[in-house]
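Below are two complexes that have chain A in common, paired first with chain B and then with chain C.
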Partner chain A sequence: MTTVTVSVAGEDDREVELEEIAGGAPPETPTYADLLSAVELSPHEATVLVEGRPVPEDRPVEAERVTVLRLIKGG
Partner chain B sequence: MTDLALDATGLERYARHVIMDEVGPEGQKRLLDGHVVVVGAGGLGSPVVQYLAAAGVGRIGIIDDDRVERSNLQRQVIHGEGDLGRPKVESAAERVADLNPDIRVDAHETRLTAETAPDLLAGADVVVDASDNFATRYLCNDFCALEGIPLSHGAIYRFEGQATTFENDGEGPCYRCLFPDAPEPGTVPNCATTGVLGVLPGTVGTIQATEAVKYLLGVGDLLDGRLLTYDAMGLSFETVEIARNPACPVCGEDPEIESIRDVSYEGRCTVPAD
Partner chain C sequence: MDCDRCGGEAVVHAAYSGAHLCGDHLRESVEKRVRRRVRRDDLVSREATPENPQTWVIGLSGGKDSVVLTQVLHETFAEDPRIELVGLTIHEGIEGYRDKSVEACVELADDLGIRHELVSYEEEFGIRMDDVVEDDPENMAACAYCGVFRRDLLSEYAEKLGADLLLTGHNLDDEAQTALMNILEGDVAQIAKHFDASLGPLSEREESEEFVPRAKPLRDVPEKEVALYAHLRDLPAHITECPHASEAYRGEIQQLLYGLEENHPGTRHSIISGYEELAGIAAGEYNSEGGADLRDCAECGSTTTREICRKCSLLESIEAV
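Here is the complex of A and B:
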């Protein structure tokens, strides 16, 4: 099992098993958008950062740890 | 003290600044010579404007095209019951005059647009984004990134706040490094539909004012390269490291945006296709 640590800023870290979110259709690798879905967020409302930089949501997950920033606009 | 050119009233007003080594008379002079533009006179703008004025930031621009409504008063503490229906910039300017008559206020009852931004933001030492919509946020970012003006960013949602500072010195990230395009309209909820804890913008806006004052003083460590998140429910803060994005459309290696005129500040705030 490949585990990715998803740190949603302001929340506790979540451990996500890639095989579980792949939908049982290997060898397709889940994308960062799938990772967001696993923590109940969508690419519209959040961005995935790897080492402080955003990664395209349609790219296969390669990192072992990601940070998720929610996009908020209120002022 | 004579270099500060303050009269007795001024010395008394800023005494708690002047006695600190990190501020002193020179630092107070830097604040009095400082020019900060605050975009938005709502929840975030209320504490920002008041703390900058009280600190003695000599020139404060305030931009907002809204008028005060009763539903604002739960969090927009620069306005009061007697201001209902008045332009927010007028109410805010009046409060500044009462707080500190040393301050010059440039009150602009208008919306920040690509057409008005050069006149309203150019020349500022720091811009504080206290707006409540993506069009203004992306415009502030793009103008400040292109012109090299430090930008304090703050945003709030329900019980959650974010703040960071983009120094725009060619080294750190900008807002588009994190969020290259705005989300599709309607996909991110706003405070009007989801609510917001009234005291939340006080906390986040005060952090923004702190960053602006520190920048003018040239002391401390700014939130450049770090994004601070605040969870009011758990009363916890977290700092996320953020880095410059080589693919950023405004400050990356091959930027698509070279002028704010290139961008359509509606929808996803992108460069329109030819």
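Here is the complex of A and C:
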């Protein structure tokens, strides 16, 4: 099992098992969009940061730890 | 995954266009869309000259949208003597929250060297949103009061500052939500009003002597890209949610749009493009019927369709508590 730690600002860290969220048929690796969906977020309201750097959500998950930057509504 | 334009490391995938972009090319693309919108909406009037510069007042809340809009417009027009930018910030009386975003506005205006004005509900109306939410005399969501007061002050101060244009930082997600809400509520009159108020090219709108025209040059850019732009450029945007935020219906529409966009990339763009066309037709139809019956509010003199404007009637019920 490959575990990814997802940290969303203002919430507790979540451990996500990659094998449980596989986007496509194996051996396809889940994408960062799949990871967001595992923590109930849409890629249109959040960006995944790997080592502080935004990554495209259609990219396969490679990191073991990510931070999620959520959109804040309004001004 | 590489940037389609330079092969550098991509930071975003725009599913609606298929593009992967690196930070530099996302930045370029956002700026290009804002400038194209400024041109398409004919925002730079032919009357604007270095001798007769136009004043553009930007509703600057300190959130990511208005901060990005101000930054991009400043970089676009800094060397152009025909346009003068003024930032207008409104303090609603929300402890902790607005104090911090006002700091972000002051910092940005200082950095850019643009004029900045700050007005508050407390000084203007003698109220604070923190108290209004507590009393809630009309049994409404906080945003319903706050929106009326904010729009009133934005128009009043745009007028006082001699604005030729009032700009706000609404993004593509905001506008697609509003469009869908108006459609689902069946409110064709509101759709027509939306066109004349802020959507159509200035040259195609029904002119109004009573109101400073409004514009939303960020409305082609999805919210996520606005946020990424602010993040990548490390702009002084304030990133906390308003503690009173409570637009339940808008939240429902937002979730619906996320789902649609996921399954059918480009939905927000197509909603807006169809909606703007329809809104233009609706505006033409309503205007040929003579338009709304406007008069002066009996209390404050501002332009309204009622005897007493919505702001004054809300203030009355707040004072009655």
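In this text, the second predicted complex is superposed on the first by the 72 of 75 C-alpha atoms of A that agree within 3 Å, B and C clash if a C-alpha of one lies under 4 Å from a C-alpha of the other, contacts with A are read in each partner's own complex, and residues count from 1 in each chain.
Following the convention adopted for this analysis, a contact is a pair of C-beta atoms (placed from the backbone, for glycine too) under 8 Å apart; a residue touches a chain by one contact, two chains touch by 3 or more.
Owing to the predicted nature of the structure, the values given are computational and were not obtained by experimental measurement.
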item	value
Touched partner set for A:R59, first chain B, second chain C, both or neither	second
Touched partner set for A:T67, first chain B, second chain C, both or neither	first
Touching partner for A:H44 - first (chain B), second (chain C), both, neither	both
Residues of chain A contacting chain B in one complex and chain C in the other	42, 44-45, 47, 53-54, 69, 71-75
Residues on chain A engaged by chain B in the complex (per definition of touch)	9-11, 42, 44-45, 47, 49, 51-54, 67, 69-75
Chain A to chain C touching residues, read off their complex	42-47, 53-59, 69, 71-75
Chain A contact footprint on chain C (complex, rising order)	1, 9-13, 15, 20, 23, 61-66, 101, 169, 173, 222-224, 227-228, 231-232, 239-242, 245, 254-255, 257-259, 261-262
Chain B residues touching chain A - in the complex, by the definition given at the top	40, 42-45, 129-134, 137, 154-157, 160, 162, 173, 177-180, 183-184, 187-188, 190-191, 196, 201, 225, 227, 229-231, 236, 238, 240-245
